[in-house]
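First the structure, which I've put down as structure tokens, then a few questions once you've had a look.
Every chain is named by a letter (A, B, C and D) in the order it is written, and numbering of its residues begins at 1.
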Amino acid sequence: MDQHLKRNLLKTMVRIRLFEEKVEELFLSGVLPGFVHLYIGEEAIASGVCSALKKSDYITSTHRGHGHVLAKGARMDRMMAELYGKKTGYCKGKGGSMHIFDFNLGVLGANGVVGGGFPIAVGAGLSAKLKRTDEVCVCFFGDGSSNRGTFHESLNMAAAWNLPVIYVCENNRYAATTPTHTTTSVNNIADRATGYGIPGVIVDGNNVEEVYSAAKNAIERARNGEGPTLIECKTYRIKGHFVGDPERYRSKDEVKEMKALDPIERYIKGLFDENVCTIEEVEEIYQGIRNEVIIAIKFAEGSPNPEPEDALTDLYVMEEGIYYA
Amino acid sequence: MREMNMAEATLEAMIEEMRQDDNVFVLGEDIASQGGIFGQFKGLADLFGKEKVIDTPISETAIMGAGLGAALTGMRPVIDMHYVDFIGVAMDEMCNQIAKIRYMSGGQVKAPLVVRAPDGLINSAAAQHSQNLEAWFVHTPGLKVVTPSNPADAKGLLKAAIRDDDPVLYLENKALFKRKGMVPDGEFIIPIGEAARVRDGKDVTIITYSIMVSKSLEAADILSKQEGIEIEVIDLRTLFPLDKEIIFSSIKKTGHLMIVHEACKIGGLGSEISAMVAEECIEYLDGPIIRLGQMHVPVPFSPIMEKYITPNVNDIVNGVKKMLINSFENIITT
Amino acid sequence: MREMNMAEATLEAMIEEMRQDDNVFVLGEDIASQGGIFGQFKGLADLFGKEKVIDTPISETAIMGAGLGAALTGMRPVIDMHYVDFIGVAMDEMCNQIAKIRYMSGGQVKAPLVVRAPDGLINSAAAQHSQNLEAWFVHTPGLKVVTPSNPADAKGLLKAAIRDDDPVLYLENKALFKRKGMVPDGEFIIPIGEAARVRDGKDVTIITYSIMVSKSLEAADILSKQEGIEIEVIDLRTLFPLDKEIIFSSIKKTGHLMIVHEACKIGGLGSEISAMVAEECIEYLDGPIIRLGQMHVPVPFSPIMEKYITPNVNDIVNGVKKMLINSFENIITT
Amino acid sequence: MDQHLKRNLLKTMVRIRLFEEKVEELFLSGVLPGFVHLYIGEEAIASGVCSALKKSDYITSTHRGHGHVLAKGARMDRMMAELYGKKTGYCKGKGGSMHIFDFNLGVLGANGVVGGGFPIAVGAGLSAKLKRTDEVCVCFFGDGSSNRGTFHESLNMAAAWNLPVIYVCENNRYAATTPTHTTTSVNNIADRATGYGIPGVIVDGNNVEEVYSAAKNAIERARNGEGPTLIECKTYRIKGHFVGDPERYRSKDEVKEMKALDPIERYIKGLFDENVCTIEEVEEIYQGIRNEVIIAIKFAEGSPNPEPEDALTDLYVMEEGIYYA
């Protein structure tokens, strides 16, 4: 794997981490409206997968979407502005944390409905097939959402039609407060691939290079018209389900234990061992991103709020004759 | 002008639009080999291939969601829902995804897709295959809703729906598929948002749509002949956005309003129209606003009971007569 | 009487009903270990065990359908839908199965179940977590729909819903869970179908429910103090079947009607109430029927925009003033 | 297998066949309202499965439900009356062919919504578990319906909670006009069992004894608290999807070929070979059932129609205060 790519994988993970650490702080200090689900601890997945994608490829994201969108290349300032509910945000303040889109980067939306992205990804794959482009779509989803009917209908459809869709499960062991093994009848979500006649791959979701390789293979298959793949990334959510979660459902010890497997720390150590970068270079990466975060906050704070009446735009493309009350 | 039935008229619209725009394609159950359960897609797969006229698995949720994904990425899907009843299976996709996605994205994306959904009563299809659900969708910001009552409108509205850059729900009454009528030659569009005054009258306004248009016209003829009462009949054609102008102007003329639909009366679209009038031009009314709609039960199988719960020509005739007796004038003078 | 909040009041209802009837159990996401995302099930699993307070997979369709299956076979499930928005995922189960099954069976079976669904705005939860969807369900024959505005009603209505042999949708506004109020001691029930006159007045009737009750009362106080206008406020509590009697009798007294809800105005429940009045007692009205409801857009994330689209106390105050200016009397005299 | 049981299996199949042959005739002559989906050719499945059930066990049925309900022991006369839309029908004329219930026999309803029965069966299983009875629920479903999300959500839930539910797939190769292999990403529906960690069994659905044995095993497992089983019965629908189906989607040859595997003829031959019954005994069975059919038609034809106003009953148990318009 080339060194440039390795450094970029690190950068992407750090970008997500530092962005979210700040978001957590801001949220706790009461600056941000809405609610926020953090991706901290799972950065290797979005980073590994999106680094294997082209800009014109698509992704669908989830309620825990900051990481996906940033990894696909989104601007931090417009994301931050969206979390602030500002007019300069990606969705002009209409979406918020759970609904971030960047259509130019092929981000077909985070989604407040768990499992809402499965069939949208099928449609993106269908477009690619009908238009004979070589684009693929990655659908990120949680372990918990694999119990939704949309998972089944979509994987079957994508498989039956041989569509270029890659289903990436972020198995962080919990659906909100519910341990996944208590509600899910298989040990591995990847075991479900058999039910659709597609490959099911399990990777260490805290190992960014492993994720990257699995994604690369699946994306290649998809581009070659060989159909969908289900990749299960085993990971862990270090923070609560949402910022403010009392976390009654798991022990501090468990979290501590899993924290030791932090994908970023681990990767940095590996890069040192392989002599890919020095402490100084890593510090430089962090410093650069810290700056990006500061600039993003400045941008967000300095941006205008939407006008109240802005609420009445952006619903219909063809607004002629539409009334709102 | 040529005579054809509604199924044929929509088929013509599909063919013209698919010829004209390569991005238009169709997604649904039993449409390719079968040509649609009401024959509305007959031969379409022969013309455009099974890649563009796609027989799907029985997965309405994924059909609807995939339609959205395709629309977001440059296609213009027409999704056939088989029966409007089955939108229940895909309600999240319809109302929480399709309807909201443009708004939630701050206007970054558009979802140009059409959901075709046969609705209404036919052949004692019973509770799960007979519903009229337009009220749910009119109450959902982000959707447009249209429904034709005759072949010409069927063609023109479907073409307009396919060309519209917003998601449009196209409701087609099952009992109308075989209804014949004259359709203009060549290219034409019925603009979304424009109702049609299908009968002029001075005494009472009837606002209606879909299958109830012909029943209202029949009732109007009877009332004219037997009672000399002249009914103005307005065929809404578009249910959202409503053509308020034509509605209000007719009420200002007649002072009497009846709304007729096949859907359940309680909470039906008739309520919205009545309330709009009671809010914006109540001072022009000379009597109560009467709504006729299905009684508040699921549709029973037995034809006898099915008939009983559904408004018919007689109900309209009698309703109008009663309305006029109850008009303020009479209340005051008696 | 004790003071408690709505979450606590519903918890008391659950505990009493589960103690009293072994067949009552709860099904939903994050209710056992978490006690419900709004704390409304806190400690329930400790009392009744995880067999009776069941944390489900994220499978709303199956949750709802399984609830029905359990109800048909002798249990009395309470189904927690997390957010009313997610009923979209289970709409077929709700409206085509649960609502219709008794009727389709010719009365052989009953489906005694309660669907609890938190609705409404809270903390900028945005488009997919903020809806008010009661109009869909009032339009669906076979369901009963209730929604409390205060802790006492919350308890009494939930107990009534659990004891009802028909499926009841219990809508609870998210912003009200922490709302405090006095709750009578001991066993009590608020009968389904009975509205409450929560303020007497002679000038204008406001019909409202859920979160908008307190806003209407606030507006009524302002109007009384500032303008000497006395508003009668009716808290519907049950949305289907509506308490027509109390509605009509109030209108006969005041001659002026405003309906206020948080749900979208277009096609909302306000339309049904307005239309009912325009049909059955329009002659008692002295002016237009005004509806206040959410503007016809999905709920935006930004608090500024969210606030803009939602009716508030000021809108009610101003609406009433405008209403009285537009009353027929004034139209005629000016 | 005891001879009494064998004869009963035959009787049940013949009961379904003769009832439906008459229904087809009546429908084509315009006597019956609505539409009708025939089970002809698939009788071995309902007969085999329901013969392994107790009266207090539950079933959920489908749009093609006559066979299930008759096999569970329903009265032919009340079924026929329902198809006629008569007041004496099982649903008092409110249900019709797609909605037949017999609650006393544990029939939780045929269903006009394909896949609607999956979660209802979960609920029946849950009741049994909560009430600690030994009842089980069989959910009949078509190959096509296995692509619905309800299939997935329900099988996962039943498996995760170890419920006494048996999922019986009637794979007749078609979903209405669509060959199942064109829309379904696996060769066997039973392959999907892996995705739920439950046994998946494939049987010849035209062999009533094979079906019976598989069902018996699965039912025993379920009663013993060992959880759900997915049984796939390979079969074929001899008649059109509905009465009147132009059948453009398959060849006459195919139908002819499959007709040769008729489960009833085959079974009778087997019974002769095994000396379980004689031609006369079989003829007697047929004669008895022909009589039952005639009596059923007489009952239906002689029964009163519902009054129009009957439409306004049976919706709510507690009707007090309810209004209908």
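General observations
The definition used in the following text is that a residue touches a chain if its C-beta (ideal position, glycine included) is under 8 Å from a C-beta of that chain, and two chains touch if they have at least 3 such contacts.
Just so it is clear, the model here is predicted, and its values are computed rather than measured.
Matching residue numbers shows that A-B is the pair in A-B, B-D or A-C whose interface repeats C-D, with more than half of the contact pairs in common.
Of all chains, the one whose mean C-alpha position sits at the greatest distance from that of subunit B is A.
For the pair subunit A and subunit C, the distance between C-alpha centroids works out to 36 Å. Mean C-alpha positions place subunit B and subunit C at a centre distance of 29 Å. Averaged C-alpha coordinates put the centre of subunit A at 40 Å from the centre of subunit B. Annotation for subunit D: residues 91, 93-95, 99, 111, 113, 147-150, 153, 156-157, 160, 182-184, 315, 322-323 touch two or more other chains. Residue positions 56-57, 59, 61-62, 85-86, 88-89, 92, 96, 103-104, 126-128, 141-142, 266, 296-298, 300 of subunit C are each in touch with at least two other chains. Remark: subunit B residues 25, 51-52, 56-57, 59, 61-75, 77, 92-93, 96-97, 101-110, 112, 141-142, 144, 164-166, 192-193, 241, 244 touch subunit A in the complex. Taken in their complex, subunit D has these residues touching subunit A: 147-153, 155-157, 159-160, 182-187, 191-192, 194-198. Those residues of subunit D lying in contact with subunit C across their complex are 58, 60, 89-95, 99, 101-103, 108-109, 111, 113, 116, 118-128, 130-131, 137, 149-150, 153-154, 156-157, 160, 313-318, 320-323.
Touching subunit C in their complex are the following residues of subunit B: 85-89, 91-92, 94-96, 99-100, 103-104, 126-128, 135-136, 138-142, 240, 263-264, 266-272, 274-280, 282-283, 285, 287-291, 296-298, 300, 328, 331.
Those residues of subunit A lying in contact with subunit C across their complex are 33-35, 82, 85-86, 91, 93-96, 98-99, 111-115, 144-145, 147-149, 175-178, 182-184, 248-249, 305-312, 315, 322-325.
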